[in-house]
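Listed below are the structures to be examined.
Next, two complexes with subunit A in common: one pairs it with subunit B, the other with subunit C.
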Partner chain A sequence: MLYELVALILDGVSVRQGGQTWLDRVDLEFLDGLTTLIGPLGAGKTTLMRVAAGLRSPTTGRILVDGKDVSSVSVRKRSVAFVYQQFINYPSLTVYDNIASPLRSLPREQADARVREVAELMGLGEFLRRRPAELSGGQQQRTAIARALARPVDVLLLDEPLANLDYKLREQLRADLKTMFSGSRGVVVYSTADPAEALTFAAPTVVLGKGQVLHVGSVTEMYARPPTLEVARTLSDPPLNLLPGVVRDGRIECLGASFPAPRAHESGRAVRLGVHPHQVAISRSRAEQLAFPAEIRLAEVTGSATFLHLMLADDLHLVAHLEGTQVFEPGERTTAYVDPAHVFVFSDNGELLAASATEVDLHG
Partner chain B sequence: MRRLPWARTVFWLYAATLMLPLLWMFGMSIRPNADILGAFSLVPQRVTLENYETFFTDSTWYSSYLNSIVYTSMNTVMSLVVALPAAYAFSRFRFAGDKHLFFWLLTNRMAPPAVFLLPFFQIYQSVGLFDTHLGVALAHMLFNVPLAVWILEGFMSGIPREIDETAAIDGYSLPGFFFRIFLPMIRSAIGVTAFFCFMFSWVELLIARTITSVDAKPIAATMTRTVSAAGVDWGLLAAAGVMTIIPGAILIWFVRNYIAKGFALGRV
Partner chain C sequence: MSDGRQKHNRAWWLVLPVVVSVAFTAIIPLMTVVNYSVQDIFSPFDRIFVGLDWFRDVARDPEVRGALVRTLIFSAQVLLIEIPLGVLIAVCMPRRGWTVSVALVLVALPLLIPWNVVGTIWQIFARGDIGLGGWAVNKVVNFNYTLDSADAWITVLAMDVWHWTPLVVLLAYAGLRSIPDPYFQAAQIDGASAWATFRHIQLPRLRGVLTIAILLRFMDSFMIYTEPFVVTGGGPGNATSFLSILLSKIAVGQFDLGPAGAFSLLYFLIVQIVCYVFFTVLTRSGR
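Entry: the complex of A and B
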């Protein structure tokens, strides 16, 4: 183990309260640099971040920073910074004093220089004299992030910092953060429920679900070959389409359509097929595509995209993510086409059997 | 919005009914006694300031006025000093019996003040608090601290806990955070609470009169003892009445925008 690179370790951390388990024996190593933490609502992201920061103590387990056990060290004494999903600033202090508050131990000139540097970086240069309430939501969150960045810390934790921002501000701040983290020293953990954010940062990613670590690895690889159905669902926005399938004579059958099974399975085995909405088309482009007769239920138009909600046979629901603005009438009949090359095949218990028509090497 | 045809009339009728006793008192305070007891007239026949002159020159009057101001101010400050940390603890920490304690605090206010007269009188006689400003201020704390804790707790619970945590992460000590970050955030709550404490202590008569005799005698007690051999000094009494309205009126001016929230104990 490259000891000097390991900066933050969660060792068998569990958090239980009132009969509920928020984190269940989590073992994680966060290395120097950015790590993304992704999981749906209630996965335990915030609990994990709070435990890592020292804002709450784990029921069992230890937290180590640079090899030292800090489980019992008060948060006041730790070298951490935290950014909340809500815009948390000191309302009675100016933006300048907000950013300067972690720097009180520094000499005045040094602190002043640092405040101005960070404020400039976050685009707050002209707002230093204002109070947080006089800023927009985006600027308030920028202030909170600037305060977290002001003091060099071992561990910087950002808990869904962009979740409460509107779309445009989110994109802009996301891009700013990406450049910022590339130059930072120390462990940075960034939690999000938005797959687009995790994919933008393209950093080592931890997938969390129901208080447990589901998978650790590169987010782009995970997206291309999700090891389990849960991971695939967490990384798919809009939600992953799921269809039932059965293996029969070397082919996988699904609602009357079928395609060659990517690897040999015993006949009669039930599988679950996962399809990203953007892989569903309503016009045929390749002969191998699976065709499903469908009825249009609803067309959601966002401008750059149209989300078509389809009802297949057996009351199965399928969403197609189409480019551009397209007009459909509810009740119209159409055909949904899915390329078997872009179908994830999962076993009954949610393990990946095949992705992108390539066989996955699974033991057993 | 369309105006109801009678709205204006009803409003002025209501306002006049409300203001009449106050205006009448003010009118009496600037008339000589002979005028007040003479033929009824809406407008003062002779305007005089001699009632106020007596109020400010006769030591029984102005000193009891000062007594009231002194013990009321002491009580307000002391109640806040005790209630602020208590309310913070109730709003932020969970401890055994916290909810019960918080609720039962209010029972002090459920009993009529008369219940406490005898114990206070006897204890104060024996420990030397009888007829002192501190004594009255302490006695009124019995009612004001629970009220102050309730109001302040309501306001404090509206402040996100994450601010406390951020301050801890930024390395503020608890007192450092409390004085530099937290108190400025609840300025309006402190103003409203101070107003309620002041007003209770200012108008409370029963306890204040019982546990004082001369040195800390409240203005309200002096006002109930104006009947002399020469009869009641109406003008002077009215002038004293006007004077007792002034401190409350000044205070309410400063906290006028937060009073409604205060009446809801900070919970709106």
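Entry: the complex of A and C
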């Protein structure tokens, strides 16, 4: 079957309610295929998805699907599917009937074949006779996703679908979804607050913050060269380390250490230095590395990694993401090493001034 | 093993206050009734043990049987009217905005009125000569609850619906409010009709509160006393003479403590059995 390419366009969309601005003049174009929407809690992801679906109308602006203005078209008449963070299914219907619910317009045999195909794809084949209450959380969400996938739609919206699942199920379903979206047609928008999800999908990504579009582009490029501090923060988990710095005579000074400024800046200018936790080491591997004496406050061991919380000065903390299980005593003194090549230099107002072009490997 | 159990014996002291208070509020009064029910009492010092004779008499008494049938029909009608009506009103109530509190207060108003006052209100309201309700109905059909059995029955039933449907509304409304918005949005996206949304989302999620509503309304209506006592006094004839009215007539009016005790125990047993059946059926059907 041939599908026409569709696009979903948000044209100057704002949503205001009760004196609060949820979305502020958002202009976006979602093309056929998967787009990731990432932003912290309260960034406006859900509002954007609901406006795109037609579940609420924007205060100002237009929504276009396939070139047609659908702003005033009722959600019932639109070709959309929506997957929620909560596991939303019809409680009184079986998994089979749940998946079949959007297919009422199809002939019976065709609907039956489609339900079985989608159920198989989501690994629900053996649960078709059960009701949602008799399923695990992961299976309930698989049912909800299967229901959304059953009917071919122009716009499929997934609003943090994995946020309420436990870690193991999340990783598994994330991998399944990635393969599934690679074969789907129509616009797919996937919102998340988890950088790992956005990086796994490696799809075109929209970064949202406080109701505004902060950046649009490739997530891997954004991770390597965050255009602003906000984008770098949104994409860093554990949180991005931030250190204060000052430009002096062509060098950037930070807590007694210094390195050559990547670009010429006027002397005396204050800057903020961003370092990903996995770029902080506690042993020296290169001579150019910046050294910061530190006190160990806490070591969080997850098994494959150890998160070491360090205190550099009174209000200055640094988190180091170390490989493997390592044992530390709180209160011990150590030295944190940071390679200047992996430091993002941001201006006072959060614009990226310099980032090392060498950091393109994206392990961890 | 035995010493492990020994350690927790002190916990019994914590249960003692409950045991004592339940003994005084429930067990001892109940046992007193059991005591009455197996004796023929002439005076505190003159009593004869009669075994189960009173139970046999009460079970065979046509007056008791008539009252039982009337009470069962009344409870069935109350449930059939109040549960669907309550759910319907709850579904139509506003979900947000200032109208919510206005609607809630208006709906809950009848619940705040004492039972005998409700009876007095309706006694006057339904009168054909000076009552607004009775006067209005009399314009259409001839209506007089003091003379006509059917009119008396309808008056008592209407009064119960007016008084207690709000309870069902409040329970159902609370149940409806606990359904997360995404359920309704998902139904909208599917293009589900209002009926399908009700049938497949709202009704299944109301199962818990409706079970409670049905049990409460059954028990209350099966034991109804004050309102018909005030409005009709059980009449005309015995048209609105329900089990509790008959019971109080035997116990307090005629002071026949033996038959009244046996009657109370049978009455208690029927309420227990019907509630058990309701509860089992309602909780099983969900699975």
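In this text, the second predicted complex is superposed on the first by the 349 of 364 C-alpha atoms of A that agree within 3 Å, B and C clash if a C-alpha of one lies under 4 Å from a C-alpha of the other, contacts with A are read in each partner's own complex, and residues count from 1 in each chain.
Simple rule for what comes next: a contact is a pair of C-beta atoms (placed from the backbone, for glycine too) under 8 Å apart; a residue touches a chain by one contact, two chains touch by 3 or more.
Here the structure is a predicted model, which means the values were calculated and not measured.
Enquirer: After the overlay on subunit A, what do you see for subunit B versus subunit C, clash or fit?
Expert: Here subunit B and subunit C cannot both sit on subunit A without a clash.
Enquirer: Of the two partner chains, subunit B (first) and subunit C (second), which one does A:Phe181 touch, if any: first, second, both, or neither?
Expert: So A:Phe181 meets neither subunit B nor subunit C here.
Enquirer: Let me test your reading of the model: by the given contact rule, A:Phe82 touches which partner, first (subunit B), second (subunit C), both or neither?
Expert: So A:Phe82 meets both subunit B and subunit C here.
Enquirer: Under the stated touch criterion, which partner chain does A:Tyr223 make contact with: subunit B (first), subunit C (second), both, or neither?
Expert: neither
Enquirer: Between subunit B and subunit C, whom does A:Phe307 touch in the aligned arrangement: first, second, both, or neither?
Expert: neither
Enquirer: First (subunit B), second (subunit C), both or neither: which does A:Ser101 touch?
Expert: Touch partners of A:Ser101: subunit B and subunit C.
Enquirer: Which holds for A:Leu55: it touches subunit B only (first), subunit C only (second), both, or neither?
Expert: Both partners, subunit B and subunit C.
Enquirer: Would you sort A:Tyr90 into first (subunit B), second (subunit C), both or neither based on which partner it touches?
Expert: So A:Tyr90 meets both subunit B and subunit C here.
Enquirer: Once the two structures are fitted together, what part of subunit A is touched by subunit B and by subunit C alike?
Expert: Common interface on subunit A, subunit B vs subunit C: 53, 55, 75-76, 80-82, 84, 86, 88, 90-93, 101-102.
Enquirer: Within the complex, which stretch of subunit B touches subunit A?
Expert: 160, 162-163, 165-173, 181, 184-185
Enquirer: Sort out for me which residues of subunit A touch subunit B in the complex.
Expert: 53, 55, 74-76, 78, 80-82, 84, 86, 88, 90-93, 101-102, 104-105, 147
Enquirer: Over in the complex, which subunit A residues touch subunit C? Could you list them?
Expert: On the subunit A side, the touching residues are 50, 53, 55, 75-77, 80-82, 84, 86, 88, 90-93, 101-102.
Enquirer: Report the residues of subunit C in contact with subunit A in the complex, numbered from low to high.
Expert: 180, 182-183, 185-186, 188-192, 199-201, 203-205
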